[in-house]
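Chains here go by letter, A, B, C and D, matching the order in which they are written, and residues are numbered from 1 within each.
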Amino acid sequence: THLRHGSFAASAMEEVLRRTVVPLPAYEIQGKSPPVPESNSMEFINFYRSLETSQKVAFLEKVSQEFGVDHQAVAELALKLVESQKRDAATMLQAEDRLRYYLTPRYLALFGHISRVEGGMKFLLDLRGDVIEALAAKATDSPHIRGLNATLKSMLSEWFSVGLLKLERITWKSPCELLQKISQYEAVHPVRNWTDIKHRVGPYRRCYAFTNGAMPGEPLVFLHVALTEEITDNIQTIFGGRTSQELTEDEKKVKAAVFYSISSTQVGLQGVELGNYLIKRVVRELQSEFPSLDQFSSLSPIPGFTVWLLGLLNQQRNDGRRSKILMDTEWQEIERLVGSPAPERLRKLLSTNEWVHSEQLMDILKPILMRLCSWYLYGEKHRSYALNQVANFHLQNGATMWRLNWKADMSPRGISASCGMMVNYRYFLPDIGANSAKYLRTKVIEASEQILNLVSQFQKNSKL
Amino acid sequence: THLRHGSFAASAMEEVLRRTVVPLPAYEIQGKSPPVPESNSMEFINFYRSLETSQKVAFLEKVSQEFGVDHQAVAELALKLVESQKRDAATMLQAEDRLRYYLTPRYLALFGHISRVEGGMKFLLDLRGDVIEALAAKATDSPHIRGLNATLKSMLSEWFSVGLLKLERITWKSPCELLQKISQYEAVHPVRNWTDIKHRVGPYRRCYAFTNGAMPGEPLVFLHVALTEEITDNIQTIFGGRTSQELTEDEKKVKAAVFYSISSTQVGLQGVELGNYLIKRVVRELQSEFPSLDQFSSLSPIPGFTVWLLGLLNQQRNDGRRSKILMDTEWQEIERLVGSPAPERLRKLLSTNEWVHSEQLMDILKPILMRLCSWYLYGEKHRSYALNQVANFHLQNGATMWRLNWKADMSPRGISASCGMMVNYRYFLPDIGANSAKYLRTKVIEASEQILNLVSQFQKNSKL
Amino acid sequence: THLRHGSFAASAMEEVLRRTVVPLPAYEIQGKSPPVPESNSMEFINFYRSLETSQKVAFLEKVSQEFGVDHQAVAELALKLVESQKRDAATMLQAEDRLRYYLTPRYLALFGHISRVEGGMKFLLDLRGDVIEALAAKATDSPHIRGLNATLKSMLSEWFSVGLLKLERITWKSPCELLQKISQYEAVHPVRNWTDIKHRVGPYRRCYAFTNGAMPGEPLVFLHVALTEEITDNIQTIFGGRTSQELTEDEKKVKAAVFYSISSTQVGLQGVELGNYLIKRVVRELQSEFPSLDQFSSLSPIPGFTVWLLGLLNQQRNDGRRSKILMDTEWQEIERLVGSPAPERLRKLLSTNEWVHSEQLMDILKPILMRLCSWYLYGEKHRSYALNQVANFHLQNGATMWRLNWKADMSPRGISASCGMMVNYRYFLPDIGANSAKYLRTKVIEASEQILNLVSQFQKNSKL
Amino acid sequence: THLRHGSFAASAMEEVLRRTVVPLPAYEIQGKSPPVPESNSMEFINFYRSLETSQKVAFLEKVSQEFGVDHQAVAELALKLVESQKRDAATMLQAEDRLRYYLTPRYLALFGHISRVEGGMKFLLDLRGDVIEALAAKATDSPHIRGLNATLKSMLSEWFSVGLLKLERITWKSPCELLQKISQYEAVHPVRNWTDIKHRVGPYRRCYAFTNGAMPGEPLVFLHVALTEEITDNIQTIFGGRTSQELTEDEKKVKAAVFYSISSTQVGLQGVELGNYLIKRVVRELQSEFPSLDQFSSLSPIPGFTVWLLGLLNQQRNDGRRSKILMDTEWQEIERLVGSPAPERLRKLLSTNEWVHSEQLMDILKPILMRLCSWYLYGEKHRSYALNQVANFHLQNGATMWRLNWKADMSPRGISASCGMMVNYRYFLPDIGANSAKYLRTKVIEASEQILNLVSQFQKNSKL
């Protein structure tokens, strides 16, 4: 059923769009248009699904360009609005409303109709997923598609508004279907098997998800929490060392809640903030279950650090001189262990994860990597905010960059990502509102003394 | 806690709004504003709830007027948009998007924040209920309030989008809380007691509701259906004559589904079409339960007919001449029974419901009222659509005005409303799409022969 | 379908029993008999249901007499058992087991088969209900029927063993069907309407039931509890004075749990103790919900007191002398108020509930009725246990007769039953085991000082 | 906490039993004994659990011997019963009832009390499991323990009476906990992983369990069904060849229901027939879901056939002559393929499963193994019933031995058990009542022509 020939595809697209996209009714008769038959939406859905990836992009470009805003009409109304400014409030407001109405792209109504048929909402989620992937893959750069993406995002953010989501606790008694999804979607620490997932929903653990009541088996975002006596500084403790499911929780031992994984499941909801709300709802839930629980913190990965570090080492090699991100004495020590040329060797060892097999090398590297990583987290920026996305997420939520942990995730994945380090972002509840506002407005990162010390060591000993 | 003095109230309002309504962030940093603390929303909610009705209107006027659109900024951007027309697509699209952004009233963000706190969604539903009542009661006529109403409606219509609602069947095993609400909200045929509601969810009956998963106990709109052998022509049959709950349904006797009551529960969702979707979903549900079921019809009240009729009689009395809505021979017959002056007497008998005590009078009036009522339904218009709102609802859905029924609701309520008549709007499934489109576009009402005959009798024998 | 003629009925019964009651298989092949077809059981059920009440009794007499134990076989085995005493353990045990087997009435297997068909368990519950009623109505006095009753009771007590029952909390969100049953079965304080039952499951109230998982909508026994600051001394406080459902519970105000009603729903489970276990389970449940809750008490009716009192007054009248249950001075006071002859007048006023209309009379009667009632509860016995069944129930459970309350139930029902008095049986948790054992073994009633004082006043001032 | 020294253990046992086992109350005051405190039962449970296996047996011997029936009292009552035969019915019945009462072992009341504490029912299930294992392992041969086993079985069979069990369908949406148990308990075809179990509850499959409402997560017995177009003749088809979960069932393709696995989960319920009832309930359930489904059959393993066959071969070798279970010509053919001595070689190949690697050998063996296996199923007996337990189960249920299938389970397990063969026991619904009765009474096996032909080939060509 694939459409092989461009010209045929193009005419099929036009045919489908002609039939399925209704014109924008005149402002005066809005809300009086006949209900669009469901078959229209189904045709659109089925047609889209029959397309190959590249055709989908072409199709969406067509939709966004030809079924968007009527620019000429808008320009005329804009002129009228300018004139209306001198008139009475009612006239002015109406001019604004009229303009607002015509600024609505025609495809918005199409998406609205699709959202109402069975499976339509999920289709739109997936459609936006495609748009996001196409933009990320640079398969398109059309400003119209960007507009369509923004429109879809805005629609989805209303439909999946936090106020209408349900917090669900997931346990070993939850439906298998749900637990399987939780396992498959887990993005931070992959689930190895069913014993593993059973532990993650067992005693001293909590798993919460936001679901929409109309899609009961579909978690939108979920959060894993470990209940501990102290804020955990490594992931091994969380995954290992458990004895038995029969273990019953001792409420007195629950003094800290450690968020060790948060995953969104729907690419199509990118940019629709749910994780932030989920953390806050879970904090409230835990406080009501454990009135004396008062420490809240993440235990977060640092994706990108190793890549950043290797980039630095590489770049400086290309500069033809020994990297200044380590002091000379440090280079010498390393050279003693690994032979020369030390930078070359070190880069190799880091990029193959082999450095962790030498305890001596690890001892030498510990202070170096800790200060570099704290800088990476604290000092590296993207549009003035933290470059690292996980950091940026928690800082926006109002958390404090609290503790960098050595040997915190010694899985191959953890070593590849961040030389085995992880970081706690701590949620000091009374401060998170102020912290969040400060970070968003001033971009200043709230950090603990440990972090600030490491940063200042970096500034003293490393040169970028 | 009520605010007694206008000036104090006004300053308190300003104080609250200053604190709780955040300025619209600049277009460039949208989505980068610090999350608004929940306490803001709670303060707004509590303040609003502490106000008296008249204060609420004043408060909303202030919100809508002072925290709406920045008209000057919009006018400037409108000019820029006009200029951008000559530029490249990206520039033009951005100008449009920027204008669209600034056309957003500031209170929209406020409502968004409120929607996310616990109970916030219900608060906004109720708030819009207040707005609608204030406008209906002419407590305000501010165009700004009308704008706020439109904004709220648009937000609510996204949040309560059909695609995210759940169809729930309500039975005697449903939670009491839910059945109590179904009883209280019932708008068409009031529920007398618990035996009554038990019958309405018992054998040969179906009751379905749309609920939002996040508000499980709260039906948004619900529909009562009777499963019968023939399309029922009176409500007495539906409510009476049942024997026992123990009765088990015989699938072979289910040949018609009669929608005898549909009620919306939330004033705040006025204008957000849910009933139409509910009927269609229920039809699908019933078809899957009873594959051989193939007759679908409403049994609907005709609110307003008696009032319209008395109005006619009254108006013609004021004209000082015998009403021409009846033929002279008809007037004579009536006069023989009720004495003279017949119009006066008749009006009295109709307005007190006493005419039903005379079988003879009823016999005389039957053809007269039937033709008048069919005209009322078919011929009386409001903005070219059917004046009667129930008729308009079913016709928009694509139903056919199928059968006018005499002695169909002989309760005092039924006689007062429509001289005891009810009407079946029939849903011929293959035609409803076309019917709906035709009615909405051409305003032509699809009607059965019975109705058209009655209408032509009216046209022959009655003069308005 | 009723069987009108005795002879026909008798032969129909025989026919049915011949077909449906299988012979007891020989001991050697027990467990190897072909499964009895379900149609047998259905035939028995339907036949029984088609009988009139008197026929049912005749039928059950026939079943119990002709399909019971084979007396001759049993006698022979009994002899063999006596002989086996001199033999080895295995032989002796087998002789016992064989005798035990043949002591099983044939109808036991019939009931077993019936219990396995759909609705069979409920049929047997109802069947035993019929037996109990027939015995109570003296419609039969057959020792065989008494035997059948004992067999059924023993079977039902295994099937409805507490270890397999589920404790369910009933709230306003429970299925309407269940709440309707709770209302209908309520034996102590009849439920007036749905507002009333809503209050009884609302805030500061708890309602728990034992259900069997296989009959989900059928509560077997249920208990109503009021959560109060102090142990309540009247029922008006419990039913009245509530303001609103919206009321939320303040955990700090929950210091006492008052069991104000416990009802069994199945006559067929008479003598199968469930209430005792329900109270204990509920106590545990409440302790876990309210860790600081530490006062548990019933607020119980005293059915039979007024009847007992009127009996006394009547009997003493027939003795032709002024009753000695009141002191002469008391009689004089009463006579001043009601005229003479005082005993006659008083009896009349008490039997019509009219005495409560005079505050003066009530003041005079208060100490008298309190001491008489405390004696009725404490001193009147049936087979050495408390005559009053409610008292006997709570005392067997290990409760203490704690407080007699004046004006505790001023409803007509309460006045008719016990001159408006009620009694608290208090559950002092650490003592209930010992109390129960003491009461059952020694018949001594554990009572508070208030009760003992009242009893000693009775002994001083009243003569029976 | 283990008890190491015999004498100490013995005295501890006596101490515990003295405290926890109450004497049998006199007949006259039965039902009037104080409720046994729960702590008694908990002490018994905890003590028992602290014992080592051998101590448990000793303990149970003590319980069964010293806390059983009072033999002397019983003998005296037996004499009285004999005498009562000449008296009136009431006296005789009472003598019987009194004897029945004293024939109750004292430990029955103990078990009754234990059944009522939390977890007590499960404890008793497990306790009987221990008894059964001890008897099977010949760790005891005490007739008293056999008596205790019978008493426990009888109690458990009442508590887990089919009339009180709930049929539950298990799907991929069932709780993970439940699906894990279904996987672990699967006795017939072990579950390999979660994909496997997902398939077994997916489209064209059904899984049903009996549960007791009070132990919601605990399936007592469960049945796996494949819905197919024809009665399946091998297990590979059932487990393999599936494409996708997304597959939706086409009702028209469901013409046969194949029960391919039934497993009991509780050793303690051995001898309490549930499987039979489960199959019948599931048949009813499937008939109501698929009205046109009319073929019901098992696809059953034949455990024991290979062992039986090797036994035969071995035994005949010891007889020093070529086995007569094969014809000479057959032996010659085999010898040609495997070398001599053929019997020796064949036994080796069969016992190592290696024979399946030679297609030629399989071809030769097919008719031989088919006729031997059909005899094994049809002709080999234990106490006149089918020796093979699976066969006996289905024949007792009324099924017909319908078809022996070659290459039906080619897993190592299937080849080891029955040379890869499986058998269909077919349930012809109208006949199962008569079949069951015939089999149980006459021991005659209802078999199809295919089976009977194979049996007659065996009789012609094989000599045992």
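Keep this in mind: a contact is a pair of C-beta atoms (placed from the backbone, for glycine too) under 8 Å apart; a residue touches a chain by one contact, two chains touch by 3 or more.
This structure is a prediction, so every number in the text was calculated from the model and none was measured.
**Q** Which chain has its C-alpha centroid farthest away from the centroid of chain B?
**A** Comparing chain centres, D lies farthest from chain B.
**Q** The C-D interface: which of B-C, A-D or A-B repeats it, judged by over half of the contact pairs being the same residue numbers?
**A** Duplicate interface of C-D: A-B.
**Q** Distance between chain B and chain C based on Cα centroids, please, to the nearest Å.
**A** From the centre of chain B to the centre of chain C is 53 Å.
**Q** With chain centres taken as the means of their Cα atoms, state the distance from chain A to chain C in Å.
**A** The computed centroid separation for chain A versus chain C comes out at 63 Å.
**Q** Going through chain C residue by residue, note those that touch at least 2 other chains and give them in order.
**A** Residues of chain C touching two or more partner chains: there are none.
**Q** If you go through all the chains, which pairs of them touch?
**A** Pairwise, the chains that meet the contact rule are A-B, A-D, B-C, C-D.
**Q** Spell out the part of chain C that touches chain B in their complex, as residue ranges.
**A** That would be residues 172-177, 179-180, 194, 198, 217 of chain C.
**Q** Under the stated contact criterion, what part of chain C meets chain D in this complex?
**A** Per the touch definition, chain C meets chain D at residues 31-35, 37, 69, 71-72, 74-75, 78-79, 81-82, 85, 89-90, 92-94, 96-97, 99-100, 103, 112, 115-117, 120-121, 143-144, 146-147, 150, 155, 158-159, 161-166, 211-214, 216, 271, 276-277, 396-398, 433, 436-437, 439-441.
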